[in-house]
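The same chain A turns up in both complexes below, where it pairs with chain B and then with chain C.
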Partner chain A sequence: MSDDTNGYELSLLELDGEELKFRAGETLYEVAQRRNKDVPTLCYDPRLEAFGACRLCVVEVDGIRNPVASCTTKAQAGMVVRTKTEALEKHRKTLMELVVSENPEATIDPLRGMASQELGVLAERYGADGSRFQGKHSGSSRPDDPNPMIGRDYDHCISCYRCVRVCAEQEGDYAISIKNRGFGTQITVEFDGFLSDSACTFCGQCVQTCPTGALNDLRARKHEDTPGELEATRSICPYCGVGCSVDIMTKEDTVVAVRPAMDGPANEGALCVKGQFGWEWIQNPERLTKPLVRKGGKGGELVEATWEEALERAAQGFAQVRDTHGRHAVYAVASGRAPHESAYSVQKFIRAGFMSNLVDNCSRA
Partner chain B sequence: MSNPLADMELPDVIFCIGTNMTETHPVAATRLKKAMRRGAKLIVADPRRIPLAQKADVYLPLRVGSDVALLGAMAHVIVREGLVDREFIEARTEDYEAMSQHVTKFTPEWAESISGVPARDIEAAAILYGKAERGAIYYTLGITEHICGVDNVQSLCNLVLMTGNIGREGTGINPMRGQNNIQGAGDCGALPNNYPGFQPVSDPANQAKFKAAWGVEVDLEPGMTKVRALEACGDGIQAMLICGENTVVSDPDRKHCEHALRSLEHLVVIDIFLTETAALADVVLPAAAWGETDGVFANTERRPQRVRQAVPPMGEAKPDWWIIAQIAQRLGAPGFEWESAKDVFNELCSVSETYAGLDWDLVAEGRHHWPVPEKGHPGTPVLHVGEFLRGRGLFKTPEYRDPAETVDDEYPVWLTTGRRLAHYHTRTMTGRSVGTQFLVPEELVEVHPDDVRDWKLEDGGFAVMASRRGEILVKVKATKQSPRGTVFCSFSFGDVPVNTLTGSGYDPLTDTAELKVCTVNIEAASTAPA
Partner chain C sequence: MFEGPSPRLSERAMTRTTDDELIACWRDEPAPLLPVLHAFHDRDGYLSDDALRAVAHGLRIPLADLYGTVTFYHHIARIEGGKQRPRVCDGPVCKLNGCDALLDQLAPEGATAMPCAGRCDDPIPVLRGDEFLVGRVGAPLAAEGTPLPPPNPGGVTECCFAHIRDAGRASLAGYRASGGYEALARAVQELSPAELLDLIDASGLAGRGGAGFPTGRKWRAVAEATGEPKTIVCNADEGEPGCFKDRALMDHDPHAVIEGMALAAYATGATRGFVYLRYEYPHTLRILEGALEEARAANLIGPGILGSDLHFELYLRRGAGAYICGEETSLLNSLEGKHPFPRNRPPYPVTHGFEDKPTAVNNVETLVSVPPIVRHGSDWYAALGLGEHKGTKLISLSGDVQRPGNYEIPIGLPLRTLLDEWAGGPRAGRSFQAVTMAGLSGGFIGSEDFDITLDEPCLRAKQSFLGAGGVMVFDDSRDMLEVARQAMSFFAHESCGKCVPCRIGTQRLTERLAGDAGPRDTELWSAEVHDIGHTMMAVSACGLGIAAPLVTESLLRYFPEQVAARLEQRT
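Our next item is the complex of A and B:
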């Protein structure tokens, strides 16, 4: 039954007046996403099992009296589906007003996390300012948690459980749990303790999926007042050999955060504590910023020099050893941390410069 | 790795040995956890009760350095139980008979006497792996950093070949590379025996090929490994260029290493910080760091991917390739007229068979696994499909050997070393990041609580730990993660230089240091460090 040209089943449904093929098992939300329909969500993360909690993704289906959550409804042959009607938009507006009423009025800095603007964007779109329903809030913040990586501002929590689910389904760590229900809902960890005393590994996945900034990147937030537009540069994590894709977040010439890339082939949106939070060394004041040369012989001091002086001294030293002891007296060690261009240059330096193979990298120790 | 990372979600039996994957390769471990949620079984062999061991269906707590005995016994059981893949063995391998004869003496009971792992657990693991439809092996430096590292790998290869768990999705023998671009350093020919693309230097055809490319005739004789070069410092070797490695802290036997570098006439170090190694140099050249330079990293699944400049280099720092080209040009060496990282990478592709089908633009999205032999080739996610590089897969017959040092009255405790989740290598990076430093602010020697009691140590107190090469002062942490009689330290903290203690021996074929085993004694320290 499959249509070999595009991999979709031949089954058809009608979506906003358009006949569409769909794959067995696809949800209405996935079909709508494929057609770039603007169906709002708050509890949805494409990597997680559909949850159907926020109800914003409701659509109308002919023959079903009430709107259904498109994220949990499987497409069926012959369905007639509408994703945007006046009634749906009114329903969504009411839902947004309920959600926003739970949250204190606050501007959420985008440095808090990748998804942190989702609630704010939808609130603006539906004109929901929280004034219509006023009353109880769920979730109490944990400013007492001393960890310097993950902020826990549960006052902003809307109980979408994305953090709970990403920790369980993606990370397999099950560190985040839920206490109570309704207005008593509290996202927490075992024994209501600090993250560092729980099963949390500080991978940052909860921070990056949180749609309100309730869980947030405290390292990045140090740069809330750093001037400049927030920009992303795609790169690869500099730590282990997995090769996770990341975005280096910058404001002008300052690195302000690192975020996982959802489309990274090796990591598919995951990172660990080092990749997520271990980047501040880049612009550490202890970095070497000028060449150094040793003055006054072997016992002398390393002092700052110009590039010209340092390069000349480096080259002369190699030339002198080559001329005195022969070309086999020169050795080079390449880094397993630096890029290809570094390692390639080092081995060519030895092979083209000294016609020997006296080169290695740091893989043996 | 023979297979891509995505394959980690596919095996029905996973065998992890010598890999603390949840701490050293956490994102890869998340894939294994997913496989297990889908019903895959997990076998873990590790001296320490690491987090992965706690998730295992069968846990094999072997004594450090006894891998050949354990793996030989698993092969023994697989033969005995008739779980070998006859069809695969006949079609694709040679010397099976020699191997199956060889392992007859590796009974599980004998292996128990060497490794301490109960014979019944060795049998259970062997039968589980032997029956797997898709069995996949993962290992890290716990296999290779031994005097018998090659024997360990060959023992694993025997298991893979006898069960046909290679050349297919969700199977394979998969070393997890520890550093972001250690795969790339090898790919680029920073090895004493190979040109870029693993082309042997001893082959005259390769010599001619690179003479045509570079205009220089390079020796046919392979160079020496870094281990040997450090031994030759001040003797045969008088000048050294060290690029981005903190040799003094990361290599075994720190005293020897410092002495070696001090005895050079000329030492040039390229790095981003004034490391312990850079501090010994005659010339220190400041390198542009990650985030400040363009380039390529190849990950553990042989996937070259681009890193990109996001900010300008700090101060006057420059990319490594620029610095090296400047020195080379001043020495009159030909072929260093590059203007960009792209020029360098494209030159690599032009001389490497494994990268022949790639260029700077093609690796922009990191879609290929090498080898990519020609333009238009889709890459090679799974190695050894249909045929091995040498034709048939060769069984080997490794014998068990004791580690270079074994416990005795003077040094009665096994020390093994490794990494922790929050830190990386010598902490030049994680030691300068607030979060990682918060999680693990100091080095701790991990000791079983009963040993803490018996050895009259104190949890949180200081101890003097000594080997034949030196001694260190270190804080004690009582934890059941360490087995009785074996203690663990990372090598990350310069102020607790564990590599003062290690360095008991090297693998005779690869010169890889036995960083996973040495023997020590531990006594409570009378004073805390000043």
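Our next item is the complex of A and C:
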């Protein structure tokens, strides 16, 4: 089979009656996604190796007796595929009713995590209201875990293993693993302990890929009752030089969460603990909002001052250092927590003010 | 790729004591995790946190992964002294034989239940440390050898069992006395691998572990696949309840397994092999170790076998208690030290097997069938079946029948011939109510359908299958709903948890059979059970979830009045 210029093979398959080209190695799910088919799934994360746990994405393929999971099935020339039939929808409904039956009823706030509404949306679509297949619940939450960042409400877990896989495949931490088997399966870490005693680096990727809010952002959840619509503003994380794209989540004027951008070219949905969870200081009431100056020189008490007075004192200090020790005696490091505009101003200040290049930013490290 | 002879596992563990020494024993062999875990388990009597830390460090496995993997296995004890605590089989037949009373009797020793341990033709198996014992209620535990198959009852030609009853058969000399290793000698001296493949193709031999895939085709696919080293895996993880044929073969005819594997290696170009033996057969491990040692000393395993170019190294690996590891891709993950979930297929093991290299995974019985086929010819073997069917099948027959045991039947034998003529019919004063097929995986066949023949086409027409060949018999004194509940509870216990329909479905079906949850109304109850079953059968990721609902489907088909009566009682 030869490739044409777009990387598509010249061979075709038929998807819901439509003849389509496909790339070598493309799965049926990916082909269906390209055609905007609404194939449901709960265990799929495009960044991870296809796993085939939830079975919701099953499709019918001519010549194969049972439906196949489209996420794990590679497209092949001549395949005749159906993504939505009465039989498939019945299986999907049964699967959704089974999944819903293993958890207690709950309202999942979107602040729990990016993907946290996936289960609820599909449950509603398939009318899975918990009335069928009632029985034992499967999860056992860990409210005893004292870490302030990641909530572990496994009562809402559906064992899709996205957290386990993202931790291994994306973050490379291998902190999250699987305890026991069958209905007794629990998501856990080494020796069933706390996250802080494990290999977890609190990057939060498990939180953001969790389709039920079982793993959740405890800092964001403090704002579940904050009034206002949840809005996203795209930005770049200032903490280091990687340049991870983030969405700053706000309700009116309050920052309520930070989320990684799945389409961020540098991070593809990844963040580290600082970018993910290090934002509460923005609204910390102890932040300085007025300048302080020291009364009576070195060792003196800090007292509130006007901007004019404070800037005058600072200018005097800088000038004295420069006059005594030369212009290279001044070196500026801008804070990663400061806005990009401030970082720009600092380098301007050093370069134009001192004719020196002795300027840096803590994010460059 | 030849690491040289591997000393007996038990001896290695006895002479080394420190963590580093134990790890060093296997670190440089393929598939090191299971033997390392067993070495620590044997030394300490359980697996401590420190042991797991040492193994994770020594074999470079993330600790969380190792911890999770260890919790997957039923038989790895995580509390001090846990390994020595008796495990009592509570499989379907042992339930009939009073295992619950035996469990009570052994409670002071900390006894717990284990799933079917593969001795359904005998008293109740009890595992205590590395002792495989049999228990009778009210009597002390005894060490008794595996029963031999009953003397050839039908007088028909046997393939696997032809010489198994010969005295001394388990030794190399005994095996050779009736032509053992002649097939291997003939193959390496007279046949090309291609000719051997043609021979196996023509015999019609197909996978006897249950899937029934033609053996010749499987081997040819491995031979033609690119990538080395290639591997032969003998699937000796006989976990299906009601199946105990592989244990009889390995205990009484271990060299047949080794010869079959060496022939498979010759046909496929494989240079290494593993026997993946279930944890519940510790005595079998010792028998295989002895046989392997003899075979190696006689140049039947290792480099330059019988003066030929065939190099084949064989390793024994012991499972740790997980039914799903009998599923071939789960087995491969277990060998590789990974979490034993089944893999997504394709790709299949013939191209992407052990360590992603071409691998043939064959059941014990399949491999044992090969030497006689090579010696007597493909026509001989094919003609052993009845009618259009080719070859023979071992049936493990147990339960409410006069003479339980392993029988080698011509494929296509009428079920009634086996039950009434070969096995002596029902217990005195009783009549048959149902049999299971494929152990538990084929569900029930009610006595109204006993006019069947034992072959896949006939059984498929009854929505069942022959599978690994376990047939458990239940007479008219048995409560079929309770039998079904135990069966489903086994599947729930053994579900790996990877896919939703099986993980939740087996649990919900068990609850409905037990009356713990679910509707009381017969119609609603049946609708839920059918809906779960149909979805499990259609979309589960592996055979466990696909087969498990055959239990409930066949229960509702053959015994609707028992179901209705029980639901009536519950309201």
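We adopt the following convention: the second predicted complex is superposed on the first by the 281 of 365 C-alpha atoms of A that agree within 3 Å, B and C clash if a C-alpha of one lies under 4 Å from a C-alpha of the other, contacts with A are read in each partner's own complex, and residues count from 1 in each chain.
Just so it is clear, contacts are C-beta pairs under 8 Å (C-beta built on N, C-alpha and C of every residue); 3 or more make two chains touch, one makes a residue touch a chain.
What you see is a predicted model, and the numbers here were worked out from it, not measured in a lab.
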item	value
Touching partner for A:A266 - first (chain B), second (chain C), both, neither	first
Which of chain B and chain C A:H328 touches, first, second, both or neither	first
Touching partner for A:F183 - first (chain B), second (chain C), both, neither	second
Partner chain in contact with A:A175 - chain B first, chain C second, else both or neither	second
Touch count on chain A, higher of chain B and chain C	B
Chain A-touching residues of chain C, taken from the complex the two chains share	49, 52, 62-65, 67-69, 71-72, 322, 324, 339, 344, 346, 492-501, 503-508, 511, 516-518, 528, 531-532, 534-535, 537-541, 546
Complex contact set, residues of chain A against chain B	146-149, 170-172, 196, 201-203, 219, 231, 233-245, 248, 250, 253-255, 265-267, 270-275, 277-284, 286-294, 298, 302, 307, 310-315, 317-322, 324-325, 328-353, 355-365
Chain C-facing residues of chain A, complex	50-56, 58, 66-67, 69, 72, 74, 87, 90-91, 94-95, 98-99, 101-102, 132-136, 138, 158-159, 161, 168, 174-185, 188-192, 198-199
